[in-house]
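Chain IDs A, B, C and D follow the sequence of writing; residue 1 opens each chain.
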Amino acid sequence: MISFASDYIAGAHPRILERLAETNLEMLPGYGSDRYTDSAREKIREAIGVPDADIFFITGGTQTNQLVISTMLGNTEGVISADTGHVNAHEAGAIEYTGHKVLSLPGKDGKIVPETLKAYLETFYGDENHEHMVYPGMVYISWPTEYGTLYSKAELDAISGITQEYRIPLYIDGARLGYGLMSPENDVTLQELAAFADMFYIGGTKVGALAGEALVFTKHNTPDRFITQIKQHGALNAKGRFLSVQFDTLFTDGLYFEIGRHGIEKAEKLKEIFRERNIPFFLTSPTNQQFVILENSSMEELSKEVEFSFWEKAGPDRTVVRFATSWSTTDEHLAMLREILDRVMG
Amino acid sequence: MISFASDYIAGAHPRILERLAETNLEMLPGYGSDRYTDSAREKIREAIGVPDADIFFITGGTQTNQLVISTMLGNTEGVISADTGHVNAHEAGAIEYTGHKVLSLPGKDGKIVPETLKAYLETFYGDENHEHMVYPGMVYISWPTEYGTLYSKAELDAISGITQEYRIPLYIDGARLGYGLMSPENDVTLQELAAFADMFYIGGTKVGALAGEALVFTKHNTPDRFITQIKQHGALNAKGRFLSVQFDTLFTDGLYFEIGRHGIEKAEKLKEIFRERNIPFFLTSPTNQQFVILENSSMEELSKEVEFSFWEKAGPDRTVVRFATSWSTTDEHLAMLREILDRVMG
Amino acid sequence: MISFASDYIAGAHPRILERLAETNLEMLPGYGSDRYTDSAREKIREAIGVPDADIFFITGGTQTNQLVISTMLGNTEGVISADTGHVNAHEAGAIEYTGHKVLSLPGKDGKIVPETLKAYLETFYGDENHEHMVYPGMVYISWPTEYGTLYSKAELDAISGITQEYRIPLYIDGARLGYGLMSPENDVTLQELAAFADMFYIGGTKVGALAGEALVFTKHNTPDRFITQIKQHGALNAKGRFLSVQFDTLFTDGLYFEIGRHGIEKAEKLKEIFRERNIPFFLTSPTNQQFVILENSSMEELSKEVEFSFWEKAGPDRTVVRFATSWSTTDEHLAMLREILDRVMG
Amino acid sequence: MISFASDYIAGAHPRILERLAETNLEMLPGYGSDRYTDSAREKIREAIGVPDADIFFITGGTQTNQLVISTMLGNTEGVISADTGHVNAHEAGAIEYTGHKVLSLPGKDGKIVPETLKAYLETFYGDENHEHMVYPGMVYISWPTEYGTLYSKAELDAISGITQEYRIPLYIDGARLGYGLMSPENDVTLQELAAFADMFYIGGTKVGALAGEALVFTKHNTPDRFITQIKQHGALNAKGRFLSVQFDTLFTDGLYFEIGRHGIEKAEKLKEIFRERNIPFFLTSPTNQQFVILENSSMEELSKEVEFSFWEKAGPDRTVVRFATSWSTTDEHLAMLREILDRVMG
């Protein structure tokens, strides 16, 4: 069955598999001390415009979030997130598991509103009694968000300014970074985003890798003995090459951006398909995740022929569902979707 | 440079890469709900002789140990390990990070001695004051051990009997299980090992996979909501296929055992190389890790031409080092080693 | 200076100090195995009407909350609380410190609204994707709440019914239980409250003790090896008598209720004082904590002569402050307050 | 029945109860901001000779140990302890509960041997592979130890020197400090001990208080936002006066030392009683805990008339038991013990 259920329905971009095969018999040291780790780091440093960034390759996004947040927060600190933020809503309490509170703020379309953030911090530090409260120790945002939306450059600038004023780091979850960068509505470059962030990760799993995220510390702010901390979290791969070769490939000849662009092109066509058929959007997403509202009866019929993701109920009779594109989406897939929609919902 | 530094110096067994490529474009659901997860589980159940075993694929060994131990221990419980056990010595405190004490017992050649275990438990429960102590809640052993040694069937039977008597589960870390099973000195079958264990894992990373371990619960003893717990630990892969396809391949046509046999054959030749040159063994290992004692001066010379692992000091002038074989070791590698040894140490 | 800053500004009720002195030289075993622990437990069991309740004496409220919640939740579970609940807002992340999320619901006057709770649970279990979410594993309410308000019997019945329907325990934080029970607006007996709760604690620190809370498990639901868990939290007192003698005294000849009644009588007079002077209430509290809104200029003047607690800003020029009564509040204190108010704010 | 079971069988020294009663009605702010906290701190600073020490009053010893160790260790660090150290053996895993390993060293008579400590640290930092190990981040010793023994000034100097060389703090658990200071074999002053330690606590619970320990940071090394961390651990008392008044009394007119001297005088007499009757000592303790070896049959008879503590088995027929003295031990108690021993064991 055809699937738009997520951006991780297929394996890796073929060029990645090729490079894994080509390098397979090389004898390399383990735990991230191989030459591809060095090479991938260098290429990423160049791409993000931060020559002295510290970079680590971690297997998955939740793991990366847990690692960064738990190792950078002080004991008394929590991380600020939009209520819909992945760390708050869909990581099974992975942050709290490490002893830290997620301080959730009401968001808008998946985003923290700068004014809300500022008001929160002002109130917190205006309150005399915060000795009995969890201190805000980091701001977490996802870019694109869990709803496919993007913070504009102005919004990032505002949020970054607030975090600097309050001397707390800004961490950007870039699980789908490649799709955000290539969005027609995006006005931020990768270099600018890296400058706004104190830490961020470049998502691989959802942008063409088998697995893997590149965690970047931009401000000489890597936690002490970070390799040991990765090990302590069970997140240090013996065959570190398995991640580094993938990122080395993604950042060779612009493959990462090519994948992002491909996903976005297909998403734009996907949006067109929904628009033509007057299927209402739940919100306006400029990236590779599209949220539409279906009548429950249509949803059930449709689900027999195409896969998509349940998102949330939109009342008793309607449901928000997600369709995602990725590096592996083809025009044939879209044509099949058109045909199915017309037949089932026509 | 040629390397015997570990059993994770090369990538994956070629058949694994082939299968990853062949299945790459299949549209599969995420998080371990794909058909290869089902298929790999079925093949493993058959291989271990436990038709109703619960099986999960986890990226790495420390992660697997942390998951099993932290989710199965009660709050007041710790895990018993030999002092040289991986969870006690070389996982950067990953178990304690989850709130549990490792109760270390003095081992012999990397193994827990059944009599020591029994005496420990008798003393513990004979002591009236154990309300202020950490309760023993699990026994952890590695098979093969960190020193390449193997528990015999009689030893496993004795330890398993003790754990049953005290009603605490026995967990076997099988990071290098394949090499243990194929050792000429081994007298345990995989089915017997599975029957002795309450939980164990079949190591993939060190036995031919890019990454991945198959965690097996043999006694309907899977912790509650285990998928959520994996997620909470940051250990749930979106592209679960990346692990399941590998294990499906490893357990097709006996590849896992073929890899083990290959590693052992090369290890036997490696031992012969050391014996012929009167290089003393630190201990007698029947598996793919060999520990020899080198004069520091020889060690330094040798390290310029061949990679091996520092293990521990053996006095002021001598050092224990490890040479490991794996699926990727070839006769050419061994011939090169012979030549280097004769030239450097001759 | 006179103080209404809290209900813990004075030491212990004199009868408690007397009993501590009278029993001081008795040779008693430690860690809660003394005869006063038995006696106090028996008296409390009778008072709450649960003959087989398990009861433990813990030094403070945050400690008690942390103990109950962390030892009763499963790994994947969080605790539901009103957003203003003590465990969510003012315990410095003590719950998250133990690895569990506080699932906060918007409250009303410090209370969880039963309909909100029901809707939350329905949505949670209606959502197919909750495998990546924190499961609701307990409901926490405070009675009286942090704002001095009380759940009525009907509200407790509704909430208790919902928790039973979803098979999650209901935990009642009774830090100020004595004042709630004696409130003229209260319609719940201690026995009824104990029946609604799966666990609750009878607050001592704020109701006449030097320190101490009586933690009650009403349904044979005490966590395994609870003494060891208390010890592990650093919460087991060597001289357990110090807590048990206090509770034995509080539950002898109705002292606990006498203290509650005294605090409430003074609070009623305190309310009258504010009403007479048209000082606006922030909300209507039927217990010993009263929240009024002061102009900032008045607040500053007043704070030179009487102590009270800052609560929160009520706009740019006004502030919510708390005045509390307790067992130690006297009519002289109230007369002094009247005089100060008239002079400063008149 | 007469009891030598511990040094916490009685309540508080009478002067403490008197002061609690005298100050009972004073209106004091909570959470350690009362004037007695200031006063007690000042008196302790003077007694220890560290004018700028930071001091906090915590309810119990395990709580204090957990607080200090968990808030001062980095994520990758563990605490070194003798294998018999309280934090390793008898706190139910309270340290591991906070995520940190106790790195146990074989001790001698309850003490860490300086040479063993040095060898451990040399090996650790000599080993190239410590990235996968827990880093030693603190040394914990108890003074007196769990076996009543004392480190001499030379031993403390040696250990302190090693910790300085390796830049890890030295923490001294002084649960029974008062008895150690007054021991005839002691050659360390309180000021010297404070100078050796980076952190230590002055035990109250076992030296005359109802409960309470004074935690001292001697080197401007108090963890960040320590009040909040205490709160997060559930260890912040609302009525902080309850602890501060006790310590203010203990450090007024030398009461703390008077109590220590009293306990030691009675312990010397106790030792004489055992010596006269040829009851063998398990080891030589110069403080208030005495460990003797009894035939199991004698032990059982004796236990019908006098309380003491089981310690450990000394073979199939004999047992090590503990007798302790304290501020409350009288000559009458000792006379009764003499009479019982002569009658039962004569």
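In this section, a residue touches a chain if its C-beta (ideal position, glycine included) is under 8 Å from a C-beta of that chain, and two chains touch if they have at least 3 such contacts.
All of these numbers come straight from a predicted model, not from anything done at the bench.
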- Any chain touching chain A and chain D at once appears in the list B, C
- Looking at CA centres, what chain is most distant from chain D? A
- Whole-Å gap separating chain A and chain B, where each centre is the average of the chain's CA atoms: 33
- Message: Based only on mean CA positions, could you tell me how far chain B sits from chain C in angstrom?
- Response: 51
- Query: If you average the Cα atoms of chain A and of chain C to get two centres, how far apart are those centres in Å?
  - Reply: 42
- Among all residues of chain C, those touching at least two other chains are 76, 91-93, 97, 99, 131-133, 228-229, 231-232
- Message: Quick check on the complex: what are the chain A residues that touch chain C?
- Response: 76, 78, 89-93, 96-102, 104, 123, 126-129, 131-134, 310, 312-313
- Task: Show which residues of chain C lie in contact with chain D when the two form their complex.
- Result: 1-3, 5-6, 8-12, 14, 17, 20-21, 23-30, 59-67, 91-94, 97, 205-206, 210-211, 228-229, 231-239, 241-242, 307, 328
- Query: What part of chain B is in contact with chain C in the complex they form?
  - Reply: 31, 70-71, 74-76, 99, 131-133, 135, 223-225, 227-229, 231-232
